[in-house]
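What follows is a set of structures for review.
In the two complexes that follow, chain A is the common piece, with chain B as its partner first and chain C second.
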Partner chain A sequence: MPDEAKVEEPSVIETIAVKVDGKQVAVPKLTPDWQGKLVPTTVLQACKHAGIEIPHYCYHPKLPVAGNCRMCLVHVGMPGRPGPDGKPPMNEDGSLKIDPMVLPYERGTPKGVIGCATNLIPGMEIYASSPETKEMREAVLESLLINHPLDCTICDQAGECKLQEYSMEHGQAESQFAEQKVHKPKAVDLGPRIVLDAERCVLCTRCIRFSADIAGDDALGIVNRGSYNSIATFPGAPFDNNYTLNTADICPVGALTSKDFRFQMRVWFLKETNSLCTGCATGCNTVIGSRENKMYRQEPRENDAVNGPWMCDSGRLDYKWIGSEKRLSKLNGATDWTTILAEITTNLEKAAVTSVAIIASARQTNEELFLLKKLADKFEAITDSVPRNGEGDHLLVNADKNPNSNGARLIGIAGETLGANLPAIAEGIENGTIKSLIVFGEDVTQHGISAALLEKLDLLIVSDIFANATTARAHYLLPGCAYAEKRGTFTNVKGQVQKFMKALDAPGNARAEWEFLHELVENVTGQNGFSTIEGLFNQMAGEVDAFKAKELNWAALGDDGVTVEI
Partner chain B sequence: MPQEYKLLLKHADADGYSNDLECYERHGGYAALRQALTIAPAGDNTPQAQLRKRVLDSGLRGRGGAGFSCGLKWSFVRHPNPKPVYLICNADESEPGTFKDRQIIYKDPHQLIEGMIISCWANHVNLAYIYIRGEFTEGAKILNTALAEARAKGYLGKDILGSGHDLEIHVHRGAGAYICGEETGLIESLEGKRAYPRIKPPYFPAALGLYMCPTIVNNVETLCNVKHIVEMGAEAFTKLGTPNNTGTRLVSLSGDVKNPGYFEIETGKVTLGELIHDENFGGGLREGRMLQAVIPGGSSSKVLKAGEIFKLGEEEIALLDVPYDFDTLMKIGTMSGSGAIIVIDDSRDIVECLANLAEFYAHESCGQCTPCREGSLWMNKALHRMTHGEGRAEDADYLKHIAQNIQGRTICAFGEACAWPVLSFVEKFRDEFEAKAK
Partner chain C sequence: MAIKVQRVKLSLWERLFIPTLWNGFKVTLSHFLSFKKSKVYAEKNKDNKFKATLSYPEELWTVPPGFRGAPYLVSDQDAATKCVSCQLCEFVCPPKAIRITPPGEAGDTAHREGAEKMPKEFEIDMLRCIFCGYCEEVCPEEAIYLAKDYYEGYDEKMMRRDYALTGSNREEMIFNKDKLLERGGTHHDRIKKWEKKTADAKAQEMFPVEDKSKKERE
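Then we have the complex of A and B:
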């Protein structure tokens, strides 16, 4: 996130007293705005503090306020204007006189304010659930629905649609609308990943504001006027930045949909699992949607310390490989895990100290790297992992394409510069000092350790999820898991240690790396480790300095993770 | 017999008067500016503060529609201000029935420019804009020529007439939308964006206007008056018109009168009846016709029905006796708005009249906020259904329901502008609406 997104902490939280639905509540005077800057608390936020949700479409806590949908209209009471003595009008009992707001030109009619853009005033009364407020909401909903196609049964948003939800909660049973509806374009191709149904759009401009103010791409706008308004791109300029799919997330209705996901699955069938994107060192928090062991989508999960509510398109769509037919699912070298691990143990036990090298992957979890480090310690093995550099951007994408480079550094698998030891390992194999090599998740032939060198080894143990030139030469090949198929933690670019959960079962004989590594380490070192991920994490937290300093434990990581010193 | 009182239009239509600088100066032009620039500081009061006080004391009210005190509006801008202060002349003149600002722009542009320069000086403005309606292509040319003349003479540019004050004025042409006349829509448009009005709060122009800087938006006629206030003094200005309704007003009279046109009157010194019937003004209705209705302040104001009697405190006042001012029109439930009076005689189908207005508003709603976006077209469709033989008994209430869902719930006053005609027509001519039932 940009720097200005950092939330300032007020030293003392000043509060302001208001009444919400007759109940006196004290709410913070200031609340972070979309950029995290502390600004006066609004009526909508005050109601939230009081546990009352004001329905809204255009308001989004991480976007500039637009105030256009009017769904958040609420009737309020205000103190009167100060008189000549500078004092506001008082009741007989000496309390502040509060008058329900009325239209200035029609004093018998209540007047609402928009909750999303109206700041609290001391003494204010918010009639969040009054008949007056309800009537205003119903009217806005009625207006939104008169030209809506009402085709919820075939709409992809069904189940996640705010229009559907609010109509149930706040709508009238029936509209009086007796005219012809406005027809607008349907299935408009806005860009390579987003489709627009203009008839379903409520013109809240969330998508426009996201693109312009967050993604920094002024790609979307509104064409036509009045009821014919429609979201559009500039002619010949498709909506195609690396963040477009976020607009489908924040679109409160079914107007913007992801081409990747639309019509794939009714959302209520999806199982949701907290996960992380492994596309780069940012480690955006995600939720995986899956059903019957098939992954249908991943969406950003809000974490202000990492990605806010957003993620990039390339990260989001980088999951198709998980269910690929080409995944490694068979053991090679033996028929079952017990046998293969026993054989590997026997072979490793014969290896001399310093004759073993380990090349791990910075795409592996902290736990896996920690277990590999245990093996390395046993053999005083030289270790490293492979760097993966690309381009970063102004918002989320990091130039380091490994999700766990910092984990590899902190655990001691790699030094400050990933890959610095690779030439030494190549040389060791070449001159015969290194006879056994353990490789996880990398095709080392791409990184300076040629196939010819691999052929020279006495023992090559490889774990991966796809076949490559390294796996082809393995004496033992151990099929591993995609991140969605296991649990674990990564340490992101800022040192945020975050965990992810298992959404899918691995194919065939593939097995979570930490599980079989745990067995292998136990076999080889004789040390008794923990056989649960929680126990393993907590053990690691007690041994890795940076984790120890923060007294990390699995439970304390929570959903958002904890930052450690890097 | 009531007469016109020509203050702003003193010269515009005079024989031989042209819109160039030489002619303007020959008629005393830019003397007020010289006078304003030479005001001496009085104690703690800067010349600028004194000028602003004069405008406040003159009682000048905005001529763009809302009739808000000009001096009070100016006082909302803090001085000295850490940000640049901008002034914008609203020359979008798009309210149906209104054709007054263009008289000045086309025939006497230097009057406006002088009024603007004085106002800019008074408010520490170094950069000002004239936002002119897109259709006024010739008007934009005339203004640009006049500005060039003024620049050449040192009325604009660096160090105006040796005052040490710098000022530049630019003309910006709109692209044909009524909503560009709404001051915050105008500001967005001037910034190069779609004219979506801003939410207020927080975007009050006096604090967060053009480029988020303090901005004063005034109508053409309002700014012209500033020049006259300087020239004649605030005291003398208050003697024109009636208390709290000072100065003159440019009235655009249209519809079913014999002599439609624009007139300048002392505010409140002429009645609606006189404006419609007097020889000096509308000259009466066409032969054999009776008055049916009057829209008194541009299409957005609430309609008045022929024969209506209003209660003003203890007194009763008949429609035709209503003095044309700000306050009385407000008290009788409508407004003088942009000073445009539209007269409707009994040959008109009142539902068709409203359908015509509704079509305008449906076409001009910017569509930003839900109630107006959907409601304006909804009302238009309903009214056109009714005028096409498909009326229903419940339509009067139906229209009222739609309009009530709009007023007071929108981002800008367009919501009222489109709801008020409907609410007032339906209320006052309910029978006509019910008669449309199949």
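Then we have the complex of A and C:
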């Protein structure tokens, strides 16, 4: 696991001087490998430092290096071997003599090295854009394309396919291969979520290395020989672990595709929005792919502080409910937002101090919880949220299934143990001390506050996105938004405060919770709030201790978020 | 920044609009009365047979040669839908007149073995279409053509009169897949690449597309 193998970086970064395309660059001598262990920097990484991208298929920064696709071949120049005096050959002016590498048996032919697995040598010259390198790439690409079908029209990878991209950049327009292409099985059912098209595969083995080394399920391998090489599972053992869909992400071609996304939409139509997975407290960073208000997929977004480049299948596929027909889209209690908020304000103003209770959800954003906390402070209300526990695993899945339990704790909606106050609230309603209840995003009848108790309340304000036993009894029902329909921040299990963006429009009359809560708080407490999420976040950052300590603000969160003390 | 347009305040006389209307009519009327004396008329009436109107639909308008026709989907000689739902035409279409619904994982099996997919729905809004022909140009499957004449073997009674694309409402002018295929007719596919590919694969004892009936048996 990347975490266990973390090695402390030396305080002074040792550099090594090399030339990339004739330009002198100093690159760190050591670079973290896929486990975070410091290993000698490679030619490919040095080129990246110099701002030059070396094409590659099998190399992936978060996987062990295999060096089998040969796409990253580059022509390099090396210092000569030391002579009898122990000194390498020198030029007349006293500088190190660098010779471009040639084949030992054919001195006129340049020799390439694979960039992903060749360590740097001081003084090395890398000819990343030379005609020799280009010719090597063209040859490799032509050979990779020998048996590749021209399937782009029916291939889901088209548009984000490295083979397409490199063919445009480095490939030859015509193939010299006149023979019959080798055909391999297509649309092979590898497991419940992954389809294999063996013809399209370039045998980079990224999927095999991912399954064996990251997911810990050595399910895939290569069978058959020569041009009949293909990826396969053991007979009768489907490729079925909770991380299979990552192989579709890292597959540089269209060999492994997701069944969920198969033939759904061409990728170039998808609008990409940075978001977060709300399946558990890990808070994996995602990118939502949507078109015309319909969500088609979500993919992991690389964030080394949280999920690396991976995410679990269960979290990734947990989005179908967002576009559901059953979503609440109508207000209940009044016809429009202005009226309903005014009525709620009037009713709440009548409520006596301490007669109000608030049950929030740890699925709500920091901002929403912060606004609810303000309401709670006004009425000295008893507050809590609902715990949601499940099973965790060795990689990303956390046992806490709420995405924002730590946010609820930091903001003060819930104590260390979520749900500790729920019996007290039930008791309060039972003996009549609590007359008004505000519930956000939870069906409290499942958590110890029975329907009969809810009937006893004078005022029940509920916001949710699906109908349930609690919403059925609400005096005022406020339809809310799914995470993909609003902006906000979550605090994950490690205290990483991360923001997510809006990808879709909410159905019907549904409105983002922070929007109407901000109006309600302004009406009830008389304090001026912020009407933008940025302003609201910055206000919260100034009032919540843990956020204040880190001097958080919306802009500083960036794409990766900031860790706070929990 | 939005620009605020200052409205001119109209007087009562101007607000009646009657004088403005009258001025408009005057222009029309003057053209109407002076047309026969104009150069345009003299030019068109060289052979003394000029008529300003057509007895449509018995008499048809001559379509200018620059008109490319309207886009329709074609089937191959085996009556198989050629479109594989790659959505390139949808992407390239400048007025966004084309809308394709991809089949999804559970969609119908494609007519041609090996092609793997075909569109669930294919709509062209003929009111939006600008008849530019980009869709025909971009199509990798030769499945969409702009057509104005019937081609060989086509039922003459169904001869399309594309310059007279008509409908009684907007919905009618959105042509769906069936309508487009019907109007597109047959296009003889000389290459038959999917068929060839499937045959090659079978000769190598590889089965390019999963046999769905086999899957069901299991």
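In the analysis below, the second predicted complex is superposed on the first by the 558 of 566 C-alpha atoms of A that agree within 3 Å, B and C clash if a C-alpha of one lies under 4 Å from a C-alpha of the other, contacts with A are read in each partner's own complex, and residues count from 1 in each chain.
One rule holds for everything that comes next: a contact is a pair of C-beta atoms (placed from the backbone, for glycine too) under 8 Å apart; a residue touches a chain by one contact, two chains touch by 3 or more.
Just so you know, these numbers come straight off a predicted model, no measurement behind them.
Bringing the complexes onto one copy of chain A puts chain B beside chain C with no clash.
The superposition places the C-alpha centres of chain B and chain C at an angle of 100 degrees about the C-alpha centre of chain A, rounded in steps of 10. When the shared chain is aligned, no partner comes close enough to touch A:Ala305: not chain B, not chain C.
In the superposed model, A:Leu96 lies in contact with neither chain B nor chain C.
In the superposition on chain A, contact of A:Asn229 is made with chain B only, not with chain C. In the overlay built on the shared chain, the residue A:Met265 is in contact with chain C alone; chain B does not reach it.
Contacts of A:Glu179 after superposition: chain B is touched, whereas chain C is not reached.
When the two structures are aligned on the shared chain, A:Gly221 is found in touch with chain B, with no touch to chain C.
Of the two partner chains placed by superposition, only chain C is touched by A:Asp189; chain B is not. Taking the two complexes aligned on chain A, the least Cα distance separating chain B from chain C is 14 Å. Comparing which residues of chain A touch chain B with which touch chain C, the overlap comprises 180, 182. Of all residues in chain A, those touching chain C in their complex are 149, 152-154, 158, 180-189, 199, 259-260, 262-266, 268-269.
Interface residues of chain C facing chain A in the complex, by the touch rule stated above, are 84-88, 90-91, 102-105, 107, 115-117, 140-141, 197, 200-201, 204, 206-210, 215. Note for the complex: chain B touches chain A at residues 177, 194, 196, 199, 201-202, 362-371, 373-378, 381-382, 385, 392, 398, 401, 404-405, 407-411, 416. Touching chain B in their complex are the following residues of chain A: 65-71, 73, 103, 105-106, 109, 111-112, 114, 117-119, 136, 139-140, 142-144, 146-147, 176-180, 182, 202-203, 221-222, 224-229.
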